[in-house]
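Labels for the chains are A, B and C, by order of writing; each one numbers its residues from 1.
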Amino acid sequence: MSTLPILKLRAVGKSYGENRVLKGIDLDVMRGEIVTLIGPSGSGKTTALRCMNFLEAYDEGEIWIKGQLLGYSTGEQGRRTRDSEAAIAEVRRPVAMVFQQFNLWPHMSVLANVAAPLILARRMAKDEARRKALAALERVGMAHKAEAYPARLSGGQQQRVGIARALAVEPELMLLDEPTSALDPELVEEVQGVIRSLAQDGMTMVMVTHEMGFAAKISNRVVFMEGGLVVESGPPGELFGHSRTPRLQQFLKPWLERSLAP
Amino acid sequence: MDTPDLFTRCLGYLPALLDGALNTLWVAGVGVGCGFLAGILLHRLLSSTNPWFSRPARVYVSIIRGTPVLVQLLVCFYLPSALGVEVPGLLAATIGLSLNSAAYQSQILGAGFAAIPRGQIEAARTFNLSRSQTLWHVEVPQVLALTLPALVSEMIDVVKASAVVSVISVTDLMRVGQQLSSSTYRPLEVYSMAALCYLALTSLLSLAAWVCQRRLARR
Amino acid sequence: MQEFLELLPRFAVAALLTLELSLAGAALGLAGGFLLHLFRLGGGRVFALGCGVYVWLLRGTPFLSQLFIVYFGLPVLGLRLSAPEATVVSLAFYSAAYFSEIFRAGWAAIPRGQIEAAHAFGMTSRARFCHIELPQALAFALPLLANQLILVIKESAVASIITVPELTMTTSNIIASTYSYVMPYALLIAGYWLLTQSVAWLAQQAARRIPFLRTPS
């Protein structure tokens, strides 16, 4: 097994005009690792995640995926130029994403949603793409709804299809942006179950979440962000049990009180 | 010899009028089809952040919407011949109607494109669909479904507007009416029948749109 | 440049005729459309159905066919109109159908509660119509009415086919006699564009003067 991190962030910064939402993030994600980003809203965790596949263009620092710089090329005299969409797509290839709002394409059936990236972006033959898509749907327990349209599914089912769409491209790294935040409480468990089973299969994941209990159970490492900076990071037991910074203690307080209550 | 009664005479006009109606449908259909593609292009130009693209596009839309179809058709037909290129009437008619419809459709489609949630386009980007794949596989099918009622009423407008292609010697419904009128000397009957044929076309189109929409809504 | 200056007076006269025909047609159509709307509001079912059929007929057929029926067809029944007369009459019948639909939309936009309030304060139905419904419906419909006038101006070009010497006909005549195409067509397009843009601009100015249309944004 290689010791090269699959994802490497170095001093990554991002500004919207005057507003600097990321102020220099460092992060290494190793193969098979599950890293969750937690923090209050506006802490920059979702922006950080979106930079990791260049959905947002970061403007300081470097992001490396499997040893390749994402989004930019360094020319002579160290000046950076932005890569073409095709070049970005090439570096982004091992990365798949699951969205908070599922973002399924409503005019395509469930099967077509999962097969579309294979057919269009990977140029796979239609039959093979369908087979792969069906296998991915099987994996999340949604094969029986392959012909349905997204609007006919519950939120939990839609998110499982969203996960199947990400699985079908056989990613080496999965980014999950608050995968259960848009779900009704009774549907959260079915999606968390699917994510847990991916974890057991050794999928490398970076996840933004507000579900502290879930983060504690599933992660190898938890990263606490606030104000565009990483405040504290470490194994969940350490972070949740013995947080060193008052900021994190304050952030975790409501959750700890709730989970300790009888 | 008795002249046949009114009803029989009107029936007698029908075969020729139906021929003309087919030409009308053809010209209007091709016009709206090409206008759709050109309308998408025009919409892209209009929403471009580069003023070198968006300004000429805005001027184009303003001119097309501010002048009569008849004038646009005359320009398409006579101007090239003045510059030494003979354009057949049928071609000039379809080009003219396409250019006209593109301006109107760019506005209709603009509303449709704006209605697609950003997240869907982002999903297409993360899964490495190219820009044109995103346009044709993610955006256009949805825009079509969203704007179908408006597009059909645009088709109805073009069918009606296409009546003036008769002046650039296209044998559409109106032109057939003129020919029949000058051969039978019964303009009132003939033009009324022609109008009824147009009414049938436009009514069938709105009926079809209504059926289509119900189908889509049920999905 | 010289060609431009030579042509300008003829175009000005022709544009004026286009404007006259359109305004006359639209004014009559506006009145007709309003009457149609009143019939629909208070004339019982038969009237409403009749108005509906009228609107369907006129909106479902090209203006050119309506013009041909009036100009070439009506003489069969003994009603002979000159070409400009036929144009104005056809434009009036044609636009009345659209205007009545615009009035309908204007009335539909008035919140029900207001009419109930007028009832509650014991207003007569006439007072309610004139003071509550009419001003609001008209204000709401103003952009649509202006747009309809623009459509009428554009449709009036069809009158050139029955040889009314308006903008389009005049241009064709000039081209036939001078064999020059580019300048006359440019002037033709500019003429219609200026006419329609001025209507749109005037409507915008008018809408701005209606105090209760100002939204707080």
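One rule holds in what follows: a contact is a pair of C-beta atoms (placed from the backbone, for glycine too) under 8 Å apart; a residue touches a chain by one contact, two chains touch by 3 or more.
Everything numeric in this text was worked out from a predicted model, so none of it was measured.
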* Using direct touches as single steps, what is the fewest number of steps from subunit A over to subunit C? -> 2
* To do: Count the C-beta pairs in contact for every pair of chains, then give the pair with the highest total.
  => B-C
* **Distance-maximising chain from subunit A - centres being C-alpha averages** => C
* **Whole-Å gap between the CA centroids of subunit A and subunit C** => 58
* Structure fact -> So, in whole Å, the Cα centroid of subunit B is separated from that of subunit C by 22
* Which whole number of Å gives the spacing of the CA centres of subunit A and subunit B? -> 46
* Okay, in this complex, where on subunit A does subunit B touch? -> 53, 55, 85-86, 89, 92-93, 95-97, 99, 101, 103-107, 116-117, 120-121, 149, 151, 165, 169
* For subunit C, which residues count as touching subunit B in their complex? -> 56-57, 59-66, 68-69, 72-77, 150, 154-158, 160-161, 168, 172, 175, 179, 181-182, 185, 188-189, 192-193, 196-197
* **subunit A-facing residues of subunit B, complex** => 117, 119-120, 122-131, 133, 137-138, 141-142, 145, 219
* Asked: What does subunit B use to touch subunit C in their complex?
  -> 62-63, 65-71, 74-75, 78-79, 82-83, 159-164, 166-167, 174, 177-178, 181, 186-188, 191-192, 194-195, 198-199, 202-203
